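In the two assemblies presented below, subunit A is common to both, partnered first by subunit B and then by subunit C.
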Partner chain A sequence: MSAPAGLDRATERSRDLRLLLAVLLTLLGVALTLVYLIALNAGAAPRLADLAYERLPSTGVQNPVTAVLLNYRAYDTLMELAVLLAALLGIWALGPAPPGFQRSGAVLAAMVSWVVPLLIVTGGYMLWVGGYAPGGAFQAGALLGAAGVIVRLAGDPRAGLPGEAAQRWLLVAGVLVFTLVGLGLMAFGAGFLTYPPTLAKWLILLIEAAATVAIGAALAAAYVGGRPPGPDARPTAEDEDALTPAQTPANPPAPPLDPRP
Partner chain B sequence: MSDAALTHPLVLCIALPLLGAMLVTALPRWSVRLGILAAVATAAAAVALAATVWQQGTLHLMLGGWDRQLAIALRADGIATALVLMANLVALGISVYASGYFHDRVRVRSFWPLWLLLWAGLNGLFLAGDLFNLYVMLELLGIAAAALGALTGNRDAVAANLRYLLVGLLGSISYLLGVALLYTAYGTLDLGLLAAGIADSPQLLAVNAAAMTLMVAGLALKAALFPLHFWLPPAHANAPAPVSAALSALVVKAVFYLILRLWLDLFWPITGMAAAMLPALLGAVAIVWGSWRALRAERLKLLAAYSTVAQIGYLFLFLPLLAATPPGPARDDLLAALLLMAVTHGFAKAGFFLAAGLVQTNAGHDRIDDLGGTAQRLPATTFAIALSGSALIGLPPSGSFIGKWLLMQSAIATGQWWWVIVVTTGSLLASAYVFRVLSRAFGLEPTPMRFITDARAEVPALTLALVSVAVLGLASGPVWTLLGLSAAGVGA
Partner chain C sequence: MSQLTLLIVFDAVLLVTLLVLAFAAVLSPEPRRAVMLFIAFGLWLSLIWARLQAPDVALAEAAIGAGLGGALMLAAARRAARTASRSRGDDAS
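Now for the complex of A and B:
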């Protein structure tokens, strides 16, 4: 009798503790909201948005968000790309990627062959449209990354990315081009990442194109979840023959625990 | 600083390690050679930066050439320059050591890109003049540090560094919340403009105090201030030796630097004595608790990690003393002492960890009780441990001796005598844990026929230890000059 009672008391205590924690966190949230409202009402300070709009014509782009990301605060964006790369290198440092899934069946393969090119084209569109409307390198890169995820789900162990050597160049493209443009501008006397207004548009487009590739590759590679498999990891036709019984070549390779009778 | 400068050392200190990291990632076959090249170039840029600051005073650079509110500022004053110089010289030593430490091809290829990214983040953090940019640097630092710490790949290291990553993220988010509050209230992220805004708006005390609490608490978590230090010992003790050195000597120090910056530059109008007392009290407990745990530690690297907890505590003791000291030579002395303690610990702890790594590699373990005969087999390494140990204790010629001396002097002068007891207790405990290691190392084992010598690993460890003891102690004058330059440049 005593053991369940003790257990009850313990669970009761942990429930009380959780309740206390919830109350405290709620109080903290309320306090922070109040402080935030005070800060919001302080609003005597001019916000940066007006100034950002005012300077927009000399940034080389018409979309204020792109102007902030690639011009006013380009240095932040450069470092964010480095953060993304660091995260991926951290994943790679932990070990090789788990083996890929089996090749997709006919239906999925057909869908993939439709969707992936569409995603890539949409990514290119997003990259271009970022100059004057919502879009840009991060959105485009996310679409490319999604394409990589789909390709990996459909059975490609490398998520559609090239071999490790080429993959490394894709991954560093963003930061490398960004830094080189910045240093190049500095060497020509303009200052680090200070674009001359006449060239700004094309330099930003160059940086964004490289960043798109790098972001897409990094997201897809992160989904692969480890160092890229070697050059022979892509399942070949012979592998698939070995996997599927010779009698049923038309059937998609069944998952091992298929409950079909 | 005119715009005509073709190569601005402020930019180079950040761009060179970044560029190096990219090349090392793209060309893994040459990672060691390219990595060393990038390390030498970055350290040279840091020396050039220090020389420029020495000649011209505080440097300021608006990136992109925009208005002050829109652009991100980089700046280097005396405190930043001193720490950049320390961090880059230590990092160069660590790089040389690391070039011979890793043998496994996969480890080599994983280490160099992350290490150079960490380095770029460190320099970026020291030189940033913008609150959001500081957040980005904290992220880069946190992710690269956790990934490097897990490089040994064993279960303990991965678990400890996963915790380090999550704790670091929590700290960063708390910091970011504070940044958001300040941006909402003042509409700028530039440190200088914000400082002026906070000084001019005492009516926004609630906002300022909430932002300060969020930011300092978040950073204290990342700086491992007691009792938020729980993540540090396992993370630092289980990392590969060069990484432990970088984490303990540089990364924690960089976060403390950020706290100091916020405290002195941004929130000075609202940080009274009462606000300074809490971190200092926690620092005092950290000194005693960290030193005690170091004394009880069974492994050399765990001892060094707990010693870092204690050494960070000393830095927090300066806050109430700075609050009680009016501007003038006494306050300059105090700031210089703080800087000397931080810089000396950077060199000493890096030297200690590198030497401990050598002991571990050669003996196959780092259990302190079984270190007998180390002095006979590894004379140079043992010497490095002894030297950096004496800097950790604060024995005379070391930089921390001067730092502790000025700290105690100021504690008595401002009537806060109780800190003297804490500092003496901490120093006694530190001598106990350092001599505990040395008494084992100098066992009565017979001298072997030949010593183990490994110049590439021993020279960096020994040099760093030597700098912490001899150079910083005997030639600490430049620290005062640098601080004087920054006071003149900021005009505070």
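Now for the complex of A and C:
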């Protein structure tokens, strides 16, 4: 072994770093356990849950979890949708998506043609049932996203999503409708996202429907892994992200020429 | 055995398996294997959420944590492995 000295130092440094990380993580674990034990022994304090249950009839939904997510703490959910959107912007910033997988054979295609509609119907059910039982926009959106993943695995390079322009509208639908409802309520004299009890159910359903579409589109687009490929993208047979010889990492491509005249 | 003892044994099995899956996922040297263990961890965790009578969290964990997160990480692991093998090939030449 005649490794250069620089390499030795680098491995040593990475070992030190790992040790430091391990110590810090252990300390964090001990601290969390201590906090947990203290919280366990603190006894019952007045909890917000009682208040939340008490006001449940005026939230427009019967499921306390949905009431918290879409009514009491609607602002947090709006921010969560924004986080998802920001994550997808980061993925799109990575560049164009790899072309995808080869077309599925007959067996897989038959399965997909059964499973995908089933997933979409189940997503709709999840969305509706969230009003009075476990369910809601995130679970429904995850089911739609799963349908997109399956469609992409079966050979559609865009995971069943429309072209880029329409896709952008789908992706912002959640944040857009959420914010518009909030601003509209402000315009009518209520606070931002303070629903009047008579309208609450329908406003929440509207927001959740838009959020479901946005979450599903965002998750499927995240699986595509880059800016959507054009309508004429050809799925390749073997290499998902095969680079052309000019683009190997050792030989980075020149920046593209400006197309403008 | 009474029902309570059975439940305690069940919970203990759930917890121990969860910890084993977590350690196996963290300590696994190969990304693909680690992701698969992580998916198993997520599904197991959703069982525990269901046992804690938090069906909402269990649903979200199974769908997003294990399902979609797993799919995304599998894709990332595949790309990372491909990039690594390509750069190794460049070093050799």
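Methods note: the second predicted complex is superposed on the first by the 201 of 261 C-alpha atoms of A that agree within 3 Å, B and C clash if a C-alpha of one lies under 4 Å from a C-alpha of the other, contacts with A are read in each partner's own complex, and residues count from 1 in each chain.
Everything that follows uses one rule, which is that contacts are C-beta pairs under 8 Å (C-beta built on N, C-alpha and C of every residue); 3 or more make two chains touch, one makes a residue touch a chain.
Note that the coordinates shown come from a computational prediction; the quantities given were computed from them, not determined experimentally.
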Subunit B versus subunit C as contact partner of A:95, first or second or both or neither: first
First, second, both or neither for A:76, with subunit B first and subunit C second: first
Contacts of A:149 with subunit B and subunit C, given as first, second, both or neither: second
First (subunit B), second (subunit C), both or neither touched by A:219: second
Subunit A-touching residues of subunit B, taken from the complex the two chains share: 3-4, 6-8, 11, 15, 18-19, 21-23, 25-28, 61, 63-67, 69-72, 106, 110, 113-114, 117, 120-121, 124, 132-133, 136-137, 139-140, 143-144, 146-148, 150-151, 153, 158, 177, 181-182, 184-188, 197, 201, 204, 206-207, 210
Residues on subunit A engaged by subunit C in the complex (per definition of touch): 63, 65, 98, 126, 134-136, 138-139, 142-143, 145-146, 149, 219, 222-223, 225, 240-241, 243, 248-250
Complex interface listing, subunit C residues touching subunit A: 55-56, 58-60, 63-64, 67-68, 71-72, 75, 78-79, 82-83, 86-87, 90
Residues on subunit A engaged by subunit B in the complex (per definition of touch): 31-32, 34-36, 38-40, 42-43, 45-48, 51-52, 55, 71-76, 78-80, 82-83, 85-87, 89-90, 92-95, 168-169, 171-172, 175-176, 179-180, 182-183, 186-187, 189-195, 227
